[in-house]
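This report concerns only the one structure given below.
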Amino acid sequence: MNFIDRFVAGWAKYRKPGYYEDFDYAWTMTIDLDRCSGCGACVTACQAENNIPIVGEEELRKGREMQWIRIERYWEGEYPNAKLKFIPMLCQHCDAAPCETVCPVSATYHNQDGLNTQIYNRCIGTRSCAVYCPYEVRYFNYYDHHWDAPLEQQLNPDVTVREKGVMEKCTFCVQRIRQAKDHAKDDGRRRLRDGDVQPACVQSCPTEALNFGDRKDSSSKVYRSMHDPRAYHVLEELNTLPSVVYLKKVETHAD
Amino acid sequence: MSVSIIHTLRVLRPAATIVLVTLLGLIAGFYANAAFFPGTQPEQPINFSHRIHAGDNEIPCMYCHIQARRSISAGVPSVNKCMGCHNEIAVDRPQIRLLANYWDAKEPIPWVKVHDLPDFVHFTHKRHIAAGIECQTCHGPVEKMDVVSREAPLKMGLCLACHRKNEVEHGTDCWTCHK
Amino acid sequence: MSTIDRREFLKLVGAGSVGTGAGFMLAEAIKHPLEHLIPYSIPPEEFSAGIDTWYNSVCGMCPAGCGISVRTREGRAKKIEGNPSHPVNQGRLCALGQAGLQVLYNPDRLTAPMLQKGERGSDTFLQTTWEEVLSSVAERLVVSRNRTDSIYFLSQGVRGHLAKLFELFMGGLDSDNLWHYDFDHPHSLYAANDRLFGEQQLPYYDIRNSRYLLSFGADYLNSWLSPVHHSLGFGHSRQGGDGPRGRFVQIEPKMSISGAAADEWIPARPGSEGILAMGIGHQLLAKGRYTAVDADDWSAALKDYSAASVAERTGVPAETVVRLADEFSRSQAGLAIGGSSAGNHTNGVDTLVAVNMLNYLVGNIGKAGGVVFNPDPVSGPTQSRQANYRALEDLVENARNKRIDVLIINNTNPVFTLPKSTGFTEALASIPLIVSLSSFMDETTVMADIILPSHTYLESWGDDIPQPGVGFSVAAVSQPVVSPLYNTRATGDIILDLAGRVGLRETMPWSSMEEYLRDGWREIHARSETDGENFDAFWRDVLRSGVWGENTRREGSVVINKRVIDNLGVAEPEFAGSEKEYPFMLHPFMTNAMHDGRGANLPWMQELPEPMTSIVYGSWVEMNPATAKAMGLHDGDMVTVSSAFGSIEAALVVFPAIMPDVVAMPIGQGHSALGRYARNRGTNPLQILAPMTDSASGSLATNATRVSLVATGRRSDTVRTGGMARQLGRDIVQSTGGDATAAEHSSALNSIPIVVEST
Amino acid sequence: MPTEEKPLQFADVNNDIVRSLVVTGRNYYITLGIAMFVALACFFFPWFYQLYYGIGAAGMNHPTVWGTYLASFIFWIGLSHSGTLLSCVLHITNSEWRKAMYRSAEAMTLFSLLVAATMVMVHVGRPWFIHWAAPYPNQMGLWPNFKSPLLFDVMAITTYLTGSLIFIYMGSIPDFAAVRDRTSGWRRHLYVLLSLGWRGTDTEWHRLGWAYTFLAVLIIPLAVSVHSIVSWDFAMSLVPGLHQTIFAPYFVVGAIYSGTAGIVTVMFVLRKYMNFEHLITQLHFDNLGKLLLFLSLLWTYINMLELFTGWYSGTSAEYEQIKYKLTGFYAPLYWEMILFCAVAPLLMFSTKFRTSFVPMLVLSIAINIGMYTERFLIIATTLSRQYLPDAWGVYVPSLVEISILVGSLAVFVTLFLIFVKIFPSVSIYEVKETMPQPRKREANLES
Amino acid sequence: MSSNALGLFGDPVSALAAAGTLKDAGFARPELMSPIPIHGVEEVLGPKKSVIRRFTLFGAIFGGLGGFALAAGTAVLYVHPTGGRPVITFPPFLIITYEMTILFGILATVLGFLISARFPAIRERVYAPETAVDKFAVTVTCDNEDTFSRAAAILRAAGAEEVRNIREGE
């Protein structure tokens, strides 16, 4: 395609907001807070899958944790009626992501799968996306991380190791999506079926609180789950249109 | 009293020339290195000739690089595989003796990578072969090379140009190739 | 200037050369470094570069026995996931299980056999050969076998064929002292089940189908028995089925993870959980929920547990007792479980008897959503002999009296998990030879004379029968997923080698654990319906799926005999230390990451925030906000926690859900060995425990120590990943009630807690 | 040396300025040496260490990913205002008193912009790829994202830097010519080139007048846009406390405020150490004082407005933000800022204060310390208290950051010291314009 | 080869008067040189027109169009959908347009200045260094000695402190 054609095609396709409805997939995760026990299996699964570095005590003390998915905890009430609620917080893959617009070099943008991408080797490290993200789920590599040998043998070859000065965040395990698409192509399928892909956190969740799928597929589990009346978005008032849907915790009172 | 800048420019000319020559030298040196010592043709532990194998004897690429069809990496043949033929063929040539030495010591051969992509690139041989891309498109006419050299720059522009030309589905999506 | 002079020319040449050189170097500097492509000499069968290979095996991180699938690539293990075919964890896996990779690739692993050269415990080991260590161990064994029972084998809890192998070995050495020791082994629960139901094995608690769970102290989502399986059940009971949403009630002095997940958390005085259970039982009978012929016996046994008296003894209001009994009996499948802190008390067995009794009283035995009894294991011993605290005290006693010649320790760490007051470490000095089979230099291995470094579970052969089972026969095979990293050997192979050297070749003729295992599994092959499949094919299938099962459940019902009923009763818990001197009851608890301390050397686990406090890399002591305020203590103050048996320092954490006179401390940190990630980090509350035991089971009453807290005046540098743990009305975690909106939403309808029945 | 008795002559102006360029005392070299050393030791060395180690050398952490580097960036951009902007406004409004001070004010603009641009380099994680933020054709086929407020910054600051450089240069051409005629050696060559052959003919003056006025007209909206855009880096985020419509005027006022205070400081120093007592007078300080007072009131008003907006919004996030600002971890800094920027400037209601040199110097420095604090607080308080309380955290600058802050001041001083030896730091021809014009002398008629 | 008569004056008024007289005497347009801009030149020597404004205007228009084209063109050259917003978005691109308008306006103004004021000076021009200090000079081009002496006389009459004969190309 020459430049003019590309310009015309781009203009036609993308001149309106909401063009993401034309995307291939709209990967969505639902998190049932009524099921979540806060056990942290998803956190470790993510660390193992995505080569998330071991930060070390000193750096953690400085507040430089690295957890693409983290368990937030909120207390309510006082003893003896104190309650503790957990909420797994990860990149929401917002359709109207504030982080995307601010990146000066387009290292983060919305791709054809409805994913909020982060291209590590394009990142120049302005960290603006982390400021713009109201969910605080972007993590910065403050230095080159190190694995004590032979821990580095565990590193996932499908995920790159990020260098210093680069922002990183949850990718919905794009390497698994990529691999699933690869297998689908081998089988001669154009589209993935529900259940073909599970990010590491979803795969590991012992209470099955996490669900993952394509919300464009109305037969998918995640579609049903996100149309549950308990569904809500965290910080919905910011209108970031997240792709992570939470299901409200059910609070029953003793009758 | 003179107001013209010409005189001053004249005075400055030698200094400017030196700066200019240095800059030109810098560019020349840079390109000389890139052109004459490109590192695209590293020396290998065994002088394996693709010309003899793939060219003269017409052994298909995927006879040895057996995984290209089904894996992300094409793979190099195991020493075992080499010895499969060279138990019989050309056993007394010096290079084959080198091979046999490795085999006898049960040591792997430390081949030097010619076509190397950065760690952050996800490139799968499988999909490209499934799409009918010739090996030579990226690797150059290997069957004519005695020593393999890297012909294509293997930069992002090259990938993009081909993806655009062939209108690959989501071929320009960053996460198609970056990981 | 049209001409240039010589001087000028030289200058230009110089400038040009400098520039060219610099350019050349610049281009050289940005060149890609040389990389190698190294093929195998002979590639392994399943190997293909760039393609994942998955191996099914068994998790060795805790005694639950989950099935795992390990993803390997280019011969290296990359990721551990749950084995979807394994009935225990059904593809899911907890954080600790996933961190198994860091056991395999731990930088502090023992890499070769070693001999202690200096003083014992001085950590001056010299690497040597297997031949040398094995022959010297064998030599000593041959001598000691002449003295009956002078050889001790203290192993971590193992099951299946490896346990059987140990039995053969120790039998051959003419010693009865084969003990399995796990800190978290639920001795009281075994004893309670034995007393109440006459069952040697733990039953299966069907949380999945239960609609009302009363948990007395059991941290079933985190550390009790089989957390992943319980979590699956919990999730399903909550939102998975079509029936009403399950309701969960947790009764414990300090909110555990299970308590946080529960719908209702009820604080009860430490050790009084059984009294509450008795009180509920009293209500059930009083309300006429139990109508069998022996109802009068039960009434008589429970008559002292009226709501008022129970309220007084437990601190739980009388109306709550009545309500709990009411809800429990009205729900379709009410299940009562008990354990963890409730079982680890001086009245632990009584308590758990009382708790399990409730299931019986509402007739929830052998039914979906109730207590289901397990069949006998298909391989290995029926029940491996677990060393309770009394057994370890005997060991200490025997050692002091020079009755032990050789102590073989297999991958267990009693020096860390036993209180200082036991005197275990000191007793080791009286044992002439200590041999340790371990992958790490832990506190116990440091005390050894000879170290036989063992493979991790990801490098060894073995099999496992999950305990507790899932109601039907299951066996799983564990297989090596990578080739051994170091000069280590599998525990089974070491034992077989030693057996050969001490002349037990006849009873133990196998050359390797793999061979022994295959041999043993012929038995299972024989009982399986295999459609005439030969053993090799069967074995391949088992290795591929990682698990074998039989879909038969045990039939029959249980009747509790009158003697048991007559002897029902829960004694008041006893505490070491006076209330005046030691005003707080210490409540040690296991965290999701550290378990009993085995997670401390795994960096992922050190960096996994403890869910309730978000603390990483350290230990702390939790205290009620009101108490802290009264004592003038603030979050983050360093305090000294002292019992009559020692004192330790930890950071104070003001914790909203703990009883005012209880302080809680996590177990697992405070290692003096175990590698760079674990060493000198935090403190170990087990060290200051009093040697209190539950007389009925002989197990250590970990929650029966009183302590005092004194501020040190210093501030802690404990690291937390979380910030402010209050929502400030921001509606981040939203909830929905079961009332007004319930009629509109079908899903919310599910959340009505129990079937309403007019009273 | 001109004396009090003798009125100032045109030639004296030339003499003074040329002397300031050519005659260099030992003190100058000592000062320059110290400034360069501090710049090297406190700015470049820690920066190189940070390049090697990573941004981790600074104190930034998970919720507060921006820190003093960005605060310094805004501060220096802020300081750059008032230089060229003020000069342009005063040029167009034909203020006489501008003429003695505008050159150094413009130089301040230029150098603060340069330091600000360097702060960007210090701030980003991978400065070796910073060129990716510039639009240029490349083999990757990639372009910067023009929707990003950061790219607005790139464009605006490039334009402002270019504009300021051209503006200060254009205004100096006649002065370069004047200096050219009085110097020899390398200086003469330099000034021959810089003056482009200026002769001061009526046509040249005419063209310069036009071009200069056009530039002034172009630069005023540019300068306003620059700091508005800097504010949008913050205001376009969703962060409570940053996502505010008031931010653009807030930043512009703040910028002019700190810039004007900066001018007072620089004027004092020039007056004192370059012996420009007769060129820079009480009149300048008085007028600048009035301007500062007005700006301080405006700034205070906007600050109150910001508090009110947060309080009136009634949302937990905004309310918490205000509470944190007033009473939280950084509260001492907040009150320090209020003291320096809102309370202390009220002294300038007194004419006596405005016309006293040393108190004005002290106040101007205090205002800039306060304004730096303001920039720091804008980042630190808001980022550490965002929407999710569990992700809250506190940020404390590291030694490297403090050192780089001090070092950036030294870089600025170094640049300024070099500037005063190359550029006539007071405009010769414009000062002459303010002086009594030469009259026809009867004696001349005779000859 | 022509010579130039240059008269130095101590004050602008006399210089301007001299220039007016020279012009009235039929000399080619006299040039004034001064250390400060002289007011009222146009009344004496006729109005001046500058092309700078056109440069500025066209520069600004070019910059504006170019700026928008740059932003919009590169956005579709390699499409990166961001934030659910259209790929060609007006509000942010208008800011780019604005900045580029000013940038090119400024650059064009400079260019216009250089061209219209004939800078930089390649060849030598008539100049008296005193004019950079406190003298005011009037110069006219003279074809021969006669015209020079005529011009010199006029200059002296107008009050020139000194009259110089400057030959071009020296």
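Letters A, B, C, D and E mark the chains in the order given here, with residues in each chain numbered from 1 onward.
Definition applied: a contact is a pair of C-beta atoms (placed from the backbone, for glycine too) under 8 Å apart; a residue touches a chain by one contact, two chains touch by 3 or more.
Predicted, not measured: the structure shown is a model, and the values here were computed from it.
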Chains in contact with chain A and also with chain B, listed by label, are C, D, E
Greatest Cα-centre separation from chain C belongs to chain E
Going by the touch criterion at the top, tell me which pair is linked by more C-beta contacts: C-D or B-E.
C-D
I'd like the most central chain, judged by C-alpha centroids against the all-protein C-alpha centroid.
A
Would you kindly say which chain has the C-alpha centre located farthest from the C-alpha centre of chain B?
E
Rounded to the nearest Å, the gap separating the Cα centres of chain B and chain D is 51
What whole-number Å value describes the gap between the mean CA coordinates of chain A and chain D?
42
So how far apart, in whole Å, are chain D and chain E when each is placed at the average of its C-alpha atoms?
30
Approximately how many whole Å separate the CA-defined centres of chain A and chain C?
30
Could you say which residues in chain E touch two or more other chains, in rising order?
75, 77-80, 82-83, 85, 92, 120-122, 125, 127, 129
Sites on chain B at which at least two other chains make contact
1-5, 118
If I count partner chains per residue in chain D, which residues reach a count of at least 2?
63, 141-145, 147-149, 151, 177, 180-181, 196-199, 387-391, 393
Pairwise chain contacts under the document criterion:
A-B, A-C, A-D, A-E, B-C, B-D, B-E, C-D, D-E
If you look only at chain C, which of its residues touch chain B in the complex?
1, 8, 11-12, 15-28, 31-32, 34-43, 48-51
Please output the residues of chain A touching chain C within their complex, sorted ascending.
32-41, 43-45, 47-49, 54-55, 57, 60-61, 65, 67, 70-80, 82-87, 148-151, 153-157, 200, 203-209, 228-230, 232, 234-235, 246-255
Tell me, which parts of chain A touch chain E in their complex?
3, 6-7, 9-11, 13-20, 94-98, 100-101, 103, 106, 108-111, 241
Chain B contact footprint on chain D (complex, rising order)
138-141, 177, 180-181, 188-189, 192-193, 195-199
Of chain B, residues touching chain C in the complex
10, 13-14, 17-19, 21-34, 37, 39, 42, 67, 70-73, 75-80, 102-103, 106-113, 116, 118
